[in-house]
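We just call them A, B, C, D and E in the order they show up, numbering each chain from 1.
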Amino acid sequence: MDHQALIVFFIAAVFLVGFAITFAHFIAPSSKNAQKAEAYECGIPTTGLTWLQFNVGYYLFAILFLIFDVETVFIFPWAVVFKQVGMVGFIEIIIFFFILILGLLYAWKKHALIWE
Amino acid sequence: MTDEQIKEKILKILPEVEIPEGKPTLTVIVPPDKLFTLAKELKESPDTSFDYLICLTGVDYGKSMSVFYHITSTKFNHTIILKTSTQNRETPAFDSVYSIWKTAEYHEREAYDLLGITFNNHPDLRRMFLDEDWVGHPLRKDYSDPINIVER
Amino acid sequence: MAFSFSIYDFTSFTQWIDKSLYAAMPPFWALIVEMVIIGIVFLGFYALLGLFLVYAERKICAFMQCRVGPNRVGPFGFIQTIADLIKLLLKELIFIKNADKILFNVAPFIVIIVSFLAIAAIPFAKGLHAMDFNIGVFYIMAVSSMGVIGVLLAGWSSNNKYSLIGAMRSGAQIVSYELSVGLSLITIVVLAGSMQLSTIVEGQRDLWFIFKGHIPAIIAFIVFLIASTAETNRGPFDLAEAESELTAGFHTEYSGIRFAFFFLAEYMNMFLVASIAATVFWGGWMPLHINGFTGFNHVMDFIPPIFWFFGKSFFIMWIMMWFKWTFPRLRIDQLLTLEWKYLLPINLVNVLLMALIVLMGWHF
Amino acid sequence: MAEILEVKDIAQQEYLINMGPQHPSTHGVMRLVVSLNGEIVKNVQPHCGYIHRGIEKMCEKLTYPQIIHLTDRMDYLSAHMNNASVCLTVEKALGIEIPERVKYIRTIMDELQRIASHQLWWCAFGMDLGGLTCFFYGLRDREPILDIFEESTGSRLIQSYYTPGGLMNDIHPDFQKKVKEFIKYFRKILPEYDQLLTGNVIFQERTKGIGILSKEEAINRGLTGPSGRGSGFACDVRKRAPYHLYDKVDFKECLYEEGDTFARYKVRIDEMWESMKIIEQLIDNIPEGDYTAKMKAVIKLPEGEFFQRVETARGELICFIVSDGNKNPLRVKFRSPNLINLASLNVMSKDFKIADLVAISGSLDLVIPCMDR
Amino acid sequence: MNVVEYISGILKGVKSLLIGMKVTGSYFFRPWKIVTQQYPENRKKDVKWFYFLPLWKAHGKDTPAERKQIVMLERFKGELIMPHNEKNEHKCTGCGICEMNCPNGTIEIISIQLTTEDGKKKRAIDKHIYRMGMCTFCGLCVKTCPSDALAFTNTFEHAVFNRTKLNKVLNKEGSTLMKGVE
């Protein structure tokens, strides 16, 4: 089987969701009213805007993730060929990891790993 | 401290208080304008140290409005009741004891809500249980609600 | 070629279908028909598995909580989830006035597509997989991490404050735990020397990797279990839909069948990570073989591979359900602390340890 | 789409979230308006009154025995203690001596009620933190207590069992046997609670150092009950102003100095042990005798003010009756422990996260009908 | 952070988690500990074994809460009734004490004047109306009744489709006052 079969899976998934929602549209009851279209906030109308600029301290984590995830991508090829490369690969990955862990420790010490 | 000693002490601080006999718990009737100073004194002086306000109750007697303060000391475990009254039933106002006991905040809001007693210097005197636009104060004796209150 | 296959090896079966299709019609149409067959088979499998997992979870949690669980619809309540499905189909689809309509509608598509795409690469039994990539592990990781987009879109587009917070949490959470999932899989890739899932399974012919790789493999398995539970947004890591804080989190505003897709995707993602764990750590469809015990190996061979695979996956899913119904929920900062201060350093050291073991040939 | 705002305006707006009245973690209909900075709680403004029924107003129209059945409905999880508050006030005002047997039964019933209440709190608290299994275990173990109640009083939740002067009816002949059976069972099962939740590292992380209130602050804010004792405030009315038989039995007042959520949790777990100890001391020596004192058909209190402090499962309840000599009271005030405990929520949860707010409000064990009355 | 502390912290945490899992896991493998009661089935006298198929080992020995058949305790306050004997006689004299004592106005007594054989006028009940929708089951009516005319039964299935169906007349059609009750 070739990789184009992925398209089949894609289409099948779209079909599954699309069909079910369309089907539900036809058989499900529908009664529109303004109260129902309110966003749910425990029965109280929402105060102020929802899409506000607000502080979720996870931005730092996203950056850290970016750094580490790119590193992970580099490790994958190494992992595959590690058995053939042997000792040289091991020493190189130790150096690589040393730098990586150093980065993590730096972030740790700088309190970047604490959700403020 | 026994009741007698507390009585003496209070009379020394504030001679114009009235202490009726025969109450199960020592009750002190204080003029409204002197209440705050007495309460502050009672809390802060080390031999009484009434540091815990158990309960604050507003009472509508039909002719007058009163507020009862049940105070106790966690150190000596003696309890007294302070009572203060006003003849002004329409707009009764007392000094808030919030700055002495923070627990008074909700008690006073409740008294304001249900009896219409205003407390001066209260940080946030709003209705507690009823809507902001509710008319009247239900716990008053002359409150009438022909729909919800059934006379029997 | 005559139609003959055994449940021990599906290769001949799939090849027979392939050959007879190509013999009957031109190659282009044969390919189309083949694809349609695969699509239908997987759709059916997907739906049935989802229904079964919902039922299983309800029954398992009920038994842990001294309850009976569903027992009214059908024998032992077995048709309960089908009744639920019908109910969800019949429920009104509510639109929120200020919601971002396009994104609101797209979100359920994304979560389902992602889980469906990832399932394509799972080897269910010998010869029974849709696709066998040479970068299988990598592919599954890449695809499954896209699910967060659906969750984020759902939360953001709902124009609901609970949903928004839920989506933000989900973003931070999935993004972080992605690392641990990757690194714990790398640990095994080092041992296996390949990212192709069929090769990985074949490599466990004499012994499963979790036993082969000593302590590093066990640590990697535990880390993978924790991280993947977090990645599928399941308790105790269900912060995105923390019902005591955010009512229902990112899918608060979804009703009827739209909600059902989020629900389904959660279970399918759980199956997905459980099957990856089974494949990578527990030998997939490979029966339990111990090097040198020939008689024992033969006895194990009698159990068909498909049973081995599903048995292992369901066992791992059972463990994940066990987690969910035992532990209280974590808080967002604890969640991130767990990842960045515990799992990640442990994982990095663990990879090195595994590399050392492979280098020295200490593994079995 | 919403109108476009300047960046400046957006940055200045507060992020307000309503938790309640229809929210899983408020255990009833209470509304918390929470202003957030990210996930961090900046201010909590409780709004109550959603189920305000005017019990105090209703009491002014009713006779004293009739008031009892209203008090059940305030804090339905400590119904016996609420009844006791009115009964004891009336008995104190009339100066009547109630039979020893009644005192024994009342003490045992109160303590059983306390265990039942803490069990329900335990399971609801576990659920607040996301551990749903706790909920079923707690309810399962509460069932035998409710059976004991049902057998003697005729109801499971709101019993209206006490009357001024005694009890509604005598205890069931099986009462002692059933209670002893339950104590034996619960002594075996309570360590399971610790295994499931108390020792759990996630639970400890979630509760330790969260929502701290110092002792002085607790006294000043009137935080009573197990919540106050978690802050080191020795506020147990059973010790400080004993009623029933609490001055005769031997029990410990559970105090913790930390003042955090975990301390409040531990106080309640310890109190369950202490309650079992109290029951065990009394259950074998309930004296024979009448189950009620001789009362007049129409109870009229003398003129004056009477009050009684009672320790419910949630804190100090006060029944304050002002009488003008009629068969109806002039004014009845119930000092709801929940309402006063709620006042501390804002101070406790400031600068903690929204998940902690749920944990803190759960640890205060709020029962909304008592708060609103 | 100390490395030893770090590792021992992890181990301690894992151990506490395992203890918790032991509790739930042990219940998973002990289905006879299930306490659920199957409501409509357990109303029946002869409880069939298959109603309890998932908990076939439950025989009510392990936990007090386990019961196969639902037991209604005798004192359960389910509904107010006026017991009649076999001669269709009740004990209610129509004095109105229950009406007076009811906190909610649940009871209403409609009385009539009867003339007895010796010519005396006497009050008797025509209708003893009980509005169950307003009843809070406080038991004051039963307790204060001077002639023990009222009692509680332990029926508890009161769901009806119309609220007016909750208004009941307690004395039966054509019933009379029991002899010897004043």
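Here, a contact is a pair of C-beta atoms (placed from the backbone, for glycine too) under 8 Å apart; a residue touches a chain by one contact, two chains touch by 3 or more.
Please read all numbers here as calculations on a predicted model, not as lab measurements.
Engineer: If you apply the touch rule, which chains end up adjacent to both subunit B and subunit C?
Structural biologist: Output, common partners of subunit B and subunit C: D.
Engineer: State which chains count as neighbours of subunit A and simultaneously of subunit D.
Structural biologist: Intersection of subunit A and subunit D contact lists gives C.
Engineer: Kindly work out which chain lies most centrally, taking the average of its C-alpha atoms as its position.
Structural biologist: Central chain: D.
Engineer: Indicate the whole-number Å distance between the mean C-alpha point of subunit A and the mean C-alpha point of subunit B.
Structural biologist: Result: the chain centres lie 58 Å from each other.
Engineer: Report the inter-chain centroid distance for subunit B and subunit E in whole angstrom, where each centroid is the mean of the CA atoms.
Structural biologist: Each chain's C-alpha centroid was found; their separation is 43 Å.
Engineer: Report, in whole Å, the distance between the mean C-alpha point of subunit C and the mean C-alpha point of subunit E.
Structural biologist: 49
Engineer: How many angstrom lie between the centres of subunit B and subunit D, each centre taken as the mean Cα position?
Structural biologist: 25
Engineer: Residues touching two or more other chains, restricted to subunit D: which are they?
Structural biologist: Residue numbers touching two or more other chains: 2, 15, 17, 23, 39, 133, 140, 196-197, 200, 202.
Engineer: What positions in subunit B touch 2 or more of the other chains?
Structural biologist: Expected reply: 152.
Engineer: Could you tell me which residues belong to subunit E and also touch two or more other chains?
Structural biologist: 17, 20, 23-24, 35, in rising order.
Engineer: For this entry, which pairs of chains touch?
Structural biologist: A-C, A-D, B-D, C-D, C-E, D-E
Engineer: Which bits of subunit C are touching subunit A when the two form their complex?
Structural biologist: Spelled out, the residues of subunit C in touch with subunit A are 35-36, 38-40, 42-43, 46-47, 89-99, 108-109, 112-113, 116-117, 119-120, 130-133, 138, 156, 158-162, 164-165, 168, 171-172, 175-176, 178-179, 182-183, 186, 189-190, 193-195, 247, 252-253, 256-258, 260-261, 332-333, 336-337, 340-341, 344-345, 348, 351-352, 355-356, 358-359.
Engineer: Show which residues of subunit C lie in contact with subunit D when the two form their complex.
Structural biologist: Those residues of subunit C that touch subunit D are 61, 64-67, 98, 100, 161-162, 165, 169, 235-236, 238-239, 242-245, 247, 325-334.
Engineer: Please give the residue numbers of subunit D that touch subunit A in the complex, ascending.
Structural biologist: Touching subunit A: residues 2, 5, 7, 10-11, 13-23, 31, 33, 36-40 of subunit D.
Engineer: For a test of understanding, state which residues of subunit D touch subunit B in their complex under the given definition.
Structural biologist: It is residues 48-49, 52, 54, 56-57, 61, 92, 217, 219-222, 233-235, 240-241, 304-307, 309, 316, 318, 320, 322, 330-331, 333, 335, 339-340, 342-343, 372-373 of subunit D that touch subunit B.
Engineer: Please give the residue numbers of subunit E that touch subunit C in the complex, ascending.
Structural biologist: Against subunit C, subunit E makes touches at 10, 17, 20-21, 23-25, 27-28, 31, 33-36, 38, 53-55.
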